[in-house]
Each structure stands twice: as C-alpha cells, then as structure tokens.
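Each chain gets a letter, A, B, C and D, in the order it is written, and its residues are counted from 1.
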Amino acid sequence: MGAVGGVVVGAMGLAAESPYVFSLPSTLPLLRYAIRLDPLSAFFVLVISLVGVAVSVFALGYVREFYGRHSIGALGALYNAFLLSMTLVVLADDGFFFLVVWEIMSLVSYFLVVTEHEKAEVRYAGFFYLIMTHVGTAFVIVAYLVFYQQAGSFSFEAFRNPSEPLPQGLRSVVFVASLIGFGTKAGIVPLHVWLPYAHPAAPSHVSALMSGVMIKTAIYGMVRVYFDFLGGEFPWWWGFVILTVGAVSALLGVMYALMEHDLKSLLAYHSVENIGIILMGIGAGMIFQSYGLTQLAALGLLAGLYHTINHAMFKGLLFLGAGSLLYATHTRNMEEYGGLIRKMPWTAFFFLVGAVSIAALPPSNGFVSEWLTFQSLFLSFQIPDLLVKMMLPIGAAMLALTGVLALACFAKAFGISFLAMPRSAHARNAREVPPAMRVGMAGLAIICVLLGVAPMVVVPAIDRVTAPLIGVSIADKVLAEGGLALMPMGVGSASISTSVLGILLTLLVPVAWLMAVVIGGKLRKRFYRTWGCGITLKPRMEYTATGFAQPIKQVFSTIYRPTVKLETDLLEESRYFAKRMHFETHIEPVFQKYLYDPVVRSLNAVADRLRVVQTGSLQLYLSYIFVTLLILLLWVR
Amino acid sequence: MIESALIILSQAVAALLVSPFIVGLIRKVKARLQCRRGAGVLQPYYDLLKLFRKDVVVSTNTSWIFTATPYILFASTLTASLLVPIFLSKVPINFAGDVIAVVYLLALGTFFLILAGLDAGSAFGGMGSSREAIVASLTEPAMILSIFAVGLTAGSTNLSTIVHKTALLQDIVTDPPPHLMAFVALFIVTLAETGRVPVDNPATHLELTMIHEAMVLEYSGRYLALVEWASALKLLLFLTLLSNIFAPWGIATEAEPSWMALGVLVWLAKVSGLAVVIGVIESMFAKLRLFRVTDLLGVAFILSLLAVVFFYILRV
Amino acid sequence: MGAIHPDIASQMVDLCAALLLLTCFAIIAQRRLSACVDLFALQSAFLAVTAALVAFLTGIHHIYIAALLTVIIKVIVIPRILKKVIERLNVTRELVLNVNIPPSLLICGALVILAFYITQPIISLGFLLTKDSLAIALAIVLIGFFTMIARKKAVTQVVGFLVMENGLFLGATAAAYGMPLIVELGVFFDVLVAGLIIGIFTHRLQDTFDSVDTSKLTELKE
Amino acid sequence: MGLALIVLIAAPLVAGLSSLGVRTRRSMEGLQCAHAVVLLAAMSVVVMNVAEGSVITVGILLRADALSAFMDLMLAFVGATGLLYALGYMGEEVIRGHVLHRRYKRFFCLFNLYLFAMLLAANVDNIAMMWIAIEGSTLSAALLIGFEKTKAALEAGWKYIILSFVGIALALFGTVLVYYASEHVLGVSMEALRWEELYRVASDLNPTALKLAFVFVLIGYGTKAGVAPMHTWLPDAHGEAPTPVSAMLSGLMLNLALYAVLRFKSIVDRTVGVDFTGPILLVLGLLSITIAAIFLLVQRDYKRLFAYSSIEHVGIALVGFGVGGPIGIFGGLFHMLNHALAKSTAFYAAGMVLLRRGHKAIERVTGLVRQMPLVGGSMMLATLALAGMPPFGLFVSEVLIATEAYGQRPWVAYVFLCLLAVAFATLLYQVSRMAMGEPVEEDIPVTDRTRRFTTSALVANLAAMGYAGTHMPGFLRDLFIPMTRFFGVIVEIP
C-alpha cells in the first residue's frame, strides 16, 4: 500500500518548483542509482499511485479468488514489487538504472502474468510477452547507447546536454529505436500482438495495472526521450510517423476489440486503441513543435498527457469491473453473461461510468481529452506545409471513427454483459462482489468523473509538466470564462465546458421528467413480458455479442478477413428442417500470420539446417578444429 | 444575465415547439406526393399529447437503464440544441461546447438508446441497436470532416463563431466548392443520423427493415413520447445546422428583439424548406439495403474529404 | 659443440628430423594397425636420437634424460599398450578410410609446404644448429592431426595423436633446445597417463560397442 | 601468505588421496565438508591479501596475482558448493544402488584431483606448468565424464578425450613457440617460462612468433573453453557426465581455459598491440553465440541445453575481451564470475530434476515450480540470470559489453544485441516449458540427507548470485582494477 505515499509524492512533485534529485552511487561501473522527481516524473508517479491505491484496495477482496490455488504471499509481494518498479522507472535519472528497473518491471509483470501457469494459453501469453518486451528493451538499449556515445555517461543530465550535439542521422536512429523499443511496451500496431494475450492472462487487478499504468511508462519514455533529451527539435516526419502510428493503432485496436467476446481481451485491445489516441495527441504536438508553433505543440502534448491519465483511470476501472464479473461468474466469455445489472448493481454502475468515459461521451473525462486532441488536429490549418495540413484532418476523421466504434463496442460490452436476461447458469448464480472490490472501483469511478468535470484543475497541473518541455505555459490561455471552459486558441475559437454541460444535463433530466408529469399526469406503469412475436422469450433468442458485431464485421471485412464455417445436417424426412447446425466464424490475426509467424518459422528452419553441424562424427569435429587452425595461421602469416 | 437566460429559454422552447411540426410537414409532403390528403401537419403534436397521457408497459426483463434512457436522451438532445445558433448567431452559452460537443452529445443519446434496445432482451431491439451502431459509426467521420471543412473557413469549430462570421461575411475565407461539397456531405449525414429514407424508414412497420424504430420497439406511453420528441428535435437540429452554417443570412447577429423575431421567421422558412426537400427525397428513393448504406456514406465521406482538400488547394 | 663443424651438425639434426617426417608419411600410407604402431615406435626412436644428438651438440645435458624418457615411454611402453589393444580387436587393418591414401599423401605434402611457409618468418630466430626443425615439427603436428581426421579406428587416431606429441617434442627439444627438466618430466608424465587413459577407453569401447570404429560413435548429436 | 596459497592448492590433493581410504559415507561427508571449509578459508585469506595489492609468490613455482586470485575465488567457492552438492548427489546414487562404495570413493578422489589441477593451473607461475596442470585437469575430467559406464557416457568421454587432447597438444605447441621466442631474450632457462619475466620483456619478444603462438594457444585452450567451432565435445560431455561434474565443467573449467587464453592475450597484447587479438576473439565470440543461440532451440535434453548456454556465455565473454577497453574487459571478467555462479546453480537444479524424474527429456518435465518450489524456482531464476535479466550480474555485464562494443564498432553492438535476444528467447522457451504447467505424477523421492546437502549448495549459490549481481564488495573491486590493468586499461569503479 506504499502507493498512497506515491500519491503524496506525485502531488508534491507537481507542486514543486525545482525537481528533487538524489542519487546514491552503485558499486558497479557506469551504474548510478539516481532518482529525479521533475514534473514529468511526478505526473506519472501520480498516475501510477492513484491507480495503485484503488487497485490495491480492490485486490484485498479479489485475491480471495486465488486462496488455496496460489500462494497469496508471493502474489502480493510480486504485486508490490511491480508497483515499486514502475515508480522507479519513471523516477530513474540514469540510463543504466532505468534499463535495470525497466527490465525488472517486465520480469515482475511476466511473473504476475503467469500466475495461473497451469493453463497452456497463459504460459504462451507470458512467454510471448516476455520475448516481445525483451526485444523492445534491446531497442531501448540501442537508443541509450547512442546517447552514451555522445554524452560519455549514462546519466540523464548528460543525455540532455551532450558534449557535442548529436548529428541528425543519429537522432533519427534514436527516434526509430526508441519508437520501436517503447512502442513494443506501449502496444502500438503492429507491435501490439502480445498485449491481447498477456493482459487478460494476468489476474484482473494486475491486468488493471498493466493496461492502465504499465504501458504508460512507455509513453513516459517517449516523451522523456523526444521532448527532454532531444530537446524537442525534430524534423516534421517524426511527428508525422508518431501521428500515423497512433491513428492506425487507434483504429485497428478498436476494430479488433469489437470482434472480441472475451471481456478482458476486449479491454486489452482498447488499450491499444487508447495508446493510439495518446500518440495522436503527442504526434500532433511534435509536428507543431517542428514548425515552431510552440503553443499548439504544448496543446497537443497536453491532450496526450490528459488522455494518458484519463485512460489510466477508466481502463483501470473497467478492468476491475471485468475482474468483478470474473469473480462473480468465473467466466470471461461475454456470451455467458447477461442480466447482471440486477445481480450486481454497483459493479454495473461503475462499469457504466467507465464505459461512458472510454466512449468519450460528454461530460466524461475521455471526452475532454479526445476533444483536445480533435482541436489540436483541427488547428493544423496553421501549419505552413500543405501536405501535412491535408493529412491531419484525415487523422481527425480516423479519430472520429475510432470514437464511435468505441461507443459501439462498449454499448455491446455493457449491453450484452449487464442487460437483458442471464445467458448462462454462471450469470444466473452471480452475486455482488465484496465491499473491498466495490470501494476500489468506486474510487476510480469518482476520479474519472472529477477529471471530466474539473479540467480547470487538471489542465494547469499538466501544464506544469509540459511547460518545461516545450518552453511555453498555456494554462492561462486555455482556461477561459473563469476556468469554466477550455479554449485552446484564445477568444472566438472553439471551447467546451464540461462542467456546464454536466450541469445542463443533470438539470434537464428532471426537467424532462417534470414536463412528462405536467403533460401526462402521474405515471402508471404496467409490467409485462417482452413481446417476442407471440412466443415467450428465452435467453437463447437474445441478440448475442457476435450478432451485435456482425454488421461491422461485414462492412469492414477487408480488414477482418473473416472465415465463416457453417455445417448443417438435415433431417432425413425433409431437406427443409435442420437437425443441428454448427456455425463458427473466425477473424484472421493478420499481423501474427504475416509478420511474426514467418520469423519464427525461418528461425526454426535455420536451426534444422544447422543440425548437420553437430552430426556426432568425431572426424568431422576434428576437421573443424583443423580448418580453423589453418585459416588462422594463414591469416596471421 | 437575465437576458441571456431568457434567450436560452426561448431557444429551447422554440426548438421543442417547432420540432414536431417539421415531422408533420415531412409526412404531409410525402402524403401529397403519394396523392393522399394525409394527416394535418399538427398531427405529431396530438400523437405526443396522447402518448404522454397513456400509461406505459415495461418489460419485466428491463433494468433502470430502460426507464432512464428516455430522459437522458431527451436531456442530451435538448442540451445539444442549446449550443446551436437557431435565430441568434451568438448563443449565450456558446463557450460551453462547440460542434464536436454537439456531435458527442447526440452520441451520448444514441449510446443509451442502444443500451435500451438491448435491455428488453428481444431480438428486434438488439438488431436495431447493432444496426444503429454501424450506421452511426459510418456517418461520424464524414460528419467530422465536413464540419472541419466549414470550420476551417472561420478558423474555429465554435458554431456561434462560424455562423456569426459567415452571417456577417467578415474575416472569413470561403469559396463555393468546398462549401457545396461539405453541404451535400452533411445533408447525407443528416439523412443517416436522423433515420430517414434511404438509410432507414421511419414509417415502416416491418420489424426486419427497421433500425431506429426497432430499437424503440419496447417503448410505450410517455417514454415513447420522449423518445419520439427527442428524435424530432434531433432532426430539427440537423436541419438548423445545415441552414445556419451554410446560409446563415437573416439570422439575428445582435440580441435585438426585432432582429430576433425576424431571425425566427427566416429560420422557420429555411428549415421548412429543407423539410420539404427531405419529404421529396423520401418519396423519390427507396430504402437501401443495410450494406448498401456504406456506399452512400462513403460518398459523403469522400465529399467532405474533398471539401477539406479543396479548401487548402484553393488557398494556395 | 666443439668437434663437429656447425654445418655438418645441423645437417645431421635436419637429417633426423627429415626421417621423422618420412615415418609420418609411412604411417599415413599404412593400413595395417600393428604396422602403424611399429612405425610410431620407429619414429619415437628417431626422435630420441634427434634429442640425444641435440644434447650432445649443445651440451645441454638434461635433454639426454628427455631422450631416455622418450625411449622408455614412447618406444616401449605405449606401443606395448597399443599392441595389447590391437590383439583384442577383431580387425587388424583399416578397410575404409575417410580420406583415401593417395589423396591423403598429397594433402600431407601440402601440409609440409604450408608448415614451412608459416614458420618461415620466425625460422631466423632459431639456432643455427636446428633451424629447420621447427618447420618440420609443425609439419609433423599437422600431419598427425590430419591422420586423426583421415582414419576411423580408435587405435589409428591414438597413433595420430601420439605423432602430434612427437612433433611437439621435436619442437620443444630441437627447436627450443628443450624445456627445463621439471617441465619435461611433467609433460612426459602427462603423456604417459594420457596413453593409459586412452588404453582404458579403447578397452571399454571394444567391450561396449565391440568395435573401435569411432565413426560409429554418433549417438550424441545436435 | 604463501602458506595459505599452498594450503589452498594442496587441500584438494590431500582430500582426494585420503578419500580413497574412507570407509563410510558419513566419514566421507565429514571429510569433504571439512575440505570445503578449508578451501574457503584459504581462498579468502589469499583473496584478501591480493586485494590489498600484494602478489603472493611461493618459490619460482607459485604466484597469485589479481587474475589468479579472481580465479581462486571462483574455483574455491563453486568448488566448495560443488563438493556439497556432489555429496548429496552421489550419496543418493549410492543409496539407490547405482554406484558402489568403491566407485563412490573413486569419484571423490577424481573430483578433488580435478579441483587440485585447476587450482594449480590458476596459480602456477609458469606457462608450461600451467599447461601441465590443465592437461591434468583434462585427464581427470575425462575419467569423470566417463564415470557412468553407459554407452553414451563412454562416447562422450571418448570424444572429449580426443578433441581436448588434440586441443591441449596444440596449446603446448603454442607454449613452445612462446618459449622459443622468449629464450632469445631470457636465455634457455626456467625464467623464460615465468609470467612475471614474460610480462617484463614482452615488448621485445618477436611479434610473429607470438602471433603464431597465440593462434595455437587460442585454438588449444579454446577447445577446452568450448569456443565455437571447437565446442563440439561440450554438449556431449555436459550431458553425460554426472551432474556435479557438469556443473564443474561449465562453471569452472571453461573459465579456467579462458583464464589461460587471457594470460597469453595479456602478453601478446603487450608485444603486438590489441588490434591483433581483438578481432579474432570478437569473431569467435560472435560465432559461439550464434551457434549456441540456434542450437538451444532444437535441444531435447535439458543438460545439453545448459551446455549450449555455456557456449553462448563463453562467446559473450570473448566478445567482451575482443572489444577490449576498460568497460569491455571488465564486462568480460564480471561475466565470467556471474556465469560461473549462475550456470552451476542451473546444473545443480537440473541434477535434482534428474534425480527426481529419472530422465533428461525436456518435454516430459513440467510443473517444476509447483512440484519442487526450491529446485524449480532456482532453475527459473538461474535461467533468467543466464538469459540476461536483472537484478543479476549477467545483465550488467552484457549491457557494459554492448556499450563498449558500440563505442568501437557499432555493428558489433547491433549483432551482439540481436543474437542475445535470440538466445534469450530460445533458452527461456525451453526452460519455461519445464518450470511451469501442471506437474506430472512420476516422482522418485530423495532422502532428506541428500536434500540437506543439495539444498545448502543451491541456496549458497543463489545467494552469491544475487549478491554479485547487484553489489560489488570492496575486495572484488580491488581485484578488478589491477586485473584490467593487465590488459593495458584501467576501469574506474565508483
């Protein structure tokens, strides 16, 4: 529960003028255990800790799921180690130390993922995750090596102002390396493949941390490298690449999410989507930065960071909700839920809050950050370069599509899981979860709402983070109408005030009710079965998640490449009545099939080829030595 | 302060009052084109009244979502309509939300409507919900882009700013082509969003062809009234957007009572005109198959995209 | 090196070294196992002679001891062991070779040339007396090595290994005028033990696989 | 101080010979434990003294400088835990009747002689004597590998004998060449073979001779170090030898062979400069990593698996020495130390699995963590350490090596990291299959007596592993600085 302390530290750091620094030397060369708390780290510490607190509370109840089957002690220890390592990652002030804690973070999370390693798919997920993240780390190492080469030391201070500035080529190497390195952790398309396996495999409270927070450390890494180390001077294509990657990740993430019926993998895919949105904000910021439009740059970055904290909150909340469902029904398959809103009203309500937030519906927090992203994309018309100018609105269109698909997806998730009739015995026997878990969810839900309706508090806080990176503070400009409204570009430009919208909405609901009463008099209700064309409705007749997503799959079939298999065996008597029908449909995992499998296959092929090296023949072995000897001798001579 | 409050109130009232009339008008036009006398244009008002008086039947499967949705839907739509300049170019609370906010407010309503559709547990509701979802997701990008295209001229997505500047033709940069394309795009979007032919047929009674109607199939009494009213309001809202963004002339640019009165009249004329057009279209075209709708909306998307591109091309 | 003229002395040493080399070729050309062992014994004898010669010419006396040890161990003991092993074998000659005899002779010739080519730059360091012996030593080492590759039977491989040893020893004594005595002793001890262990193992191989054809040992792979 | 050194070296000899006369298991255990204690004590005295900067010499024969002390540290520590483990392991074999008491005694005799030979090789002040000692270790190792009289063991033993004898012979030729070169400066005498003298006169030795000598030495000792392409005997030997022996082979003998190579490198560098040895070591190192990384994937036998991982790590260390520079050299040495610890741990765990399961097939072993938490856990930890995960030292050394490599030849760093990633994937793929999942039923219980020994060995190693990875004690630091100085560089350690 050290997370509580983290909250304090984070808040302190945001409030502080100058960064706190302290460092204790290690006994290994080049390695310094250095800690530095500047606004950026503080912001992320805050994010981590807020989620950490809520999740820890939730975990108190949730781990009951594992009693007997797993050692709670180990689980708890790893869990706290995980929190600690994440905090250290964002606090580290030394490249080497960063790498160490970064790897430890991956390692601990790997252990957490494979908590239930009896299941083959969990093992696969964990292994896949470990490999991917390790490869990512290799790229991060490359990026840092470049810095080290210039700076002659691993300390971030030296990275910031190296002895001689990096040549453009190397800067681009750093850019690409860290994009791949951190992108693997963040789960950008096409490096996201591990994410939908690993996040669901972990215990739900851990998934909440991984999906809500861990992937944010990657965002931290990118911001740190691009804006801090590289001093925020980039060619325009960097920002453009980031933006494109973000847009693609967002769109594909939500599209694959729509096809998922395992609630947790669905949420995992949404993490891909939201990372994409965050990157769109940051990318836009970078583009503006490279054209010297610092205020807009600050705006884009602000949007990105705002969405970062928002996503941390509502994704954490949603994963906790999924955890509660799992806890209550012991299944992750949405098709087996249904009608749970009556069984577990609290969970349902919190989940709804999360759903509204992630679907970016006003006045939720998701709406604010997505709106800011929209604005920063819209304001691209100030960019001199025509091509870029024309591209950014397309990004906006993709963002819009993403948003509404997310809406559809969570309409599905919530509707199928909580509404209508129970679809299985699991759902019928579900019970509301213990208070500890509810409290955890409630905490996050409240934070979500606050982040939504009180941007006037959040924006200045984040501005403290962006100002040192970009060099301009825009809080006072963005906040208009006495802080009620957000107004990116000063008077006359667009602005929103979620608080006012919230007030209006909450006012108008009773108004509508009053009106109804005034016109229609007292409400008289009659309860009756749903009309089912005369026959009584069974759960089997309900619309399934698959059915719900069917039209979308149809429309975007070029992307999904669905394969449908329908086998029917008919009655002997008549060809018109089927005895039983078996229908199954799959969507093709494009990236795995065309990107990853070939690599693995070729590796195996090479290994098979090389077996002949080690045939077991002694004479052959001797001849290896002989030949090597002769070659070397001749080389020396 | 009082004044702005009054304006807000009057705007809300006006919108609420006019919306059923538009629906009635469209029905009338269609009837006439089908050589029927048709019900009077005031028929929707009677319907609403009647529905409010009737008592409601609620399915035993449903939860509070089902009962809450009508109110939320109504509230969100009304909120949206408060952000749109109707007869006064500068809405007092324009700072509260721009056009994107309007879109998302409507989306909020849609979201709950979809949930409500699923809530009853009948197959029709689910079908309607899923179709609504796909239609909405296809319209959204086109909508945002066309709005961008227009917003670019005024350099802002704040509706009041757009309308005001366009009305006064001051410090805006505009050319006919992008505007025209954006207009067509937004018009198609309107048809799709408000569930008109050729995307959806509000008059159908064959469940399998329904989209919007299927979703609200379980509603009755005042709930149905609220939902119907909300959708009428939504329709009006879009027509207002169309008319006031692209042809804001005649709208009151100052909060002078006389100007505002004129503004109201002009606005009525404009939206009625659009309503007639819609009526005509509805009787000219047949409803498209669901999976053909994509083509139509694709056209809308391309148009709006072209609008943006053209805007820049013509600038350089 | 009093009485004899340096040139003649070096001639003599080189002659012995050359004889060593010749016996190598003989071993390569020989299929019968026992004959191989005999040839090895002969070669060791030549080696001992060379060492003694060097000791005599240079007056470094502990090389005599080395020569003596060579005679004892390499001319008498180890050939005995190998002979014993061979007696227990069911085969007396190599029927199939990895590399046939004519090509292997050619290769050995090439190896000799190679050896001279490689050592040529450091020959100049050598003492006048034994200047070519380093090259010859290297040649013998390489040829021994090659024998181990070219042959299949455990025994011939052992012989090959021992030939390498001889080459080394030639290098140590002739080229470098012998290592310090203690080192020599150590080396000889090791060689002896090595011979013993190899003997043990060939016995075991014979028992378990009832053949000493090492090309059959391919159970362990990958 | 000389006394401590003598004790350190003589203890195994004494213990070995006397263990032939031991009657019962219990007394054998007493003897060996005492021996282990003596080893550790003597080692710590030696190391401490050397760390203070003195060089311990005994006559003209023994000499312990920083590098030797470093080797002593590894040899004595891993040797001691190895003894403990062997007591447990072989004891179990005796209880099960696989091994008669006579051979039990012989095993410990050979085991100790093996230790003795290695300790001698590490501390002797004479290139030829070092060769003799290493040859001795080879001989005893050969008998140990063939100890279990199975066909496979025999084959492995034979291959080991032939290959490593050839290698060692070549090494001797290299030694002779060095002598050949040095006696021109120092005259035909013992002096011409002593490290100290060689260091002194290194600069005026004949370059070409030393180059040739280095090639021979590298090939020769490289064969024993399992450097590709001379590595071919290694998987067989590790796979078939009794597990304590495998641990010693992997943990100690490879390092010893590397030590020999390094000694010569340090001289040759002084004569002809770094640019000669560097590239050779680099290429061979990368080759070793590649081969190991790929062969890890096709292994079906977990002991062979760890054997290949040893090849990989030798390669990594070689890359470190190849790129040179203070960081590179330090990385290489540090890597040797941590690898010795991690790999012996891995083998101890593997041996326990072998005892409990009775077979070495990877795919038939599952659920170790669940069934035997300590063994499975330590195997997993050791594997993660070997795969280069923090908080273990191998991560540090690998990053350091990559850093230095990038500084000198960026492409090396890229290739290096890429290969490491592959090796990481392949190794973890195999081991995670074993460590996780539902445990299989078949399980042969081991006695508590056995478990006591093996557990203590495991725990000691794990502790050392974790410690060495995260924090470097002062005396080690004082060893590393002069060690790097051998190679003409000075690492600065905070």
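What we mean here is this: contacts are C-beta pairs under 8 Å (C-beta built on N, C-alpha and C of every residue); 3 or more make two chains touch, one makes a residue touch a chain.
Everything numeric here is computed off the predicted structure, so don't read it as measured data.
Trainee: Show which chains lie in contact with chain A and also with chain D.
Mentor: C
Trainee: Of the pairs A-C and A-B, which shows more C-beta pairs in contact?
Mentor: Per the contact counts, A-B leads.
Trainee: Report back the single chain whose CA centre is most distant from the CA centre of chain C.
Mentor: The most distant chain relative to chain C turns out to be B.
Trainee: Whole-Å distance, chain B centre to chain C centre, using C-alpha means?
Mentor: Roughly 101 Å, centre to centre.
Trainee: Averaging only over C-alpha atoms, locate the centres of chain A and chain C and give their separation in whole Å.
Mentor: From the centre of chain A to the centre of chain C is 71 Å.
Trainee: State, to the nearest whole Å, the distance from the C-alpha centre of chain A to the C-alpha centre of chain B.
Mentor: Distance between chain centres, rounded to whole Å: 34 Å.
Trainee: So the centre of each chain is just the mean of its C-alpha atoms; given that, what is the distance between chain B and chain D in Å?
Mentor: Once rounded, the distance between the two centres reads 78 Å.
Trainee: What residues in chain D touch two or more of the other chains?
Mentor: Those would be 158-159, 162, 166, 170, 208, 212, 235, 295, 298.
Trainee: Could you list the positions in chain B whose residues touch two or more of the other chains?
Mentor: If we look for residues of chain B contacting two or more partner chains, we find none.
Trainee: So which stretches of chain A touch two or more other chains?
Mentor: 611, 614, 618, 622, 625, 629, 633, 637
Trainee: I'd like to see which chains touch which, written out pair by pair.
Mentor: According to the stated criterion, the contacting chain pairs are A-B, A-C, A-D, C-D.
Trainee: Can you name the residues of chain C that touch chain D in the complex?
Mentor: Going by the criterion above, the answer is residues 60, 118-119, 121-122, 125-126, 134, 137-138, 141, 145, 148, 154, 157, 161, 164-165, 167-168, 171-172, 175-180, 182-183, 186-187, 189-190, 193-194, 197-198, 201, 204-205, 208-209, 214, 217, 219-220, 222.
Trainee: Which residues of chain D touch chain A in their complex?
Mentor: Chain D reaches chain A through residues 158-159, 162-163, 166-167, 170, 208, 211-212, 215-216, 218-219, 223, 229-230, 232-233, 235, 280, 291, 294-295, 297-298, 326-327, 330, 367, 369-370, 384, 389-391, 395-396, 399-400, 402-403, 406-407, 413-414, 417-418, 420-422, 424-425, 428-429, 432-433, 436-438, 471-473, 477, 491-494.
Trainee: For chain B, which residues count as touching chain A in their complex?
Mentor: Those in contact with chain A are residues 49, 52-65, 70-72, 74-76, 78-79, 82, 93-101, 104-105, 107-108, 110-111, 114-115, 117-123, 125-127, 129-131, 133-134, 136-138, 140-145, 148, 151-152, 155-158, 161, 217-218, 221-222, 225-226, 290-291, 294, 301, 305, 308-309, 312, 316.
Trainee: Where on chain A does chain C make contact in their complex?
Mentor: 611, 614-619, 622-623, 625-626, 629-630, 633-634, 637
Trainee: State the interface residues of chain C toward chain A in the complex, per the touch definition above.
Mentor: 98, 114, 117-118, 121, 145-146, 148-150, 152, 157, 214-215, 217-222
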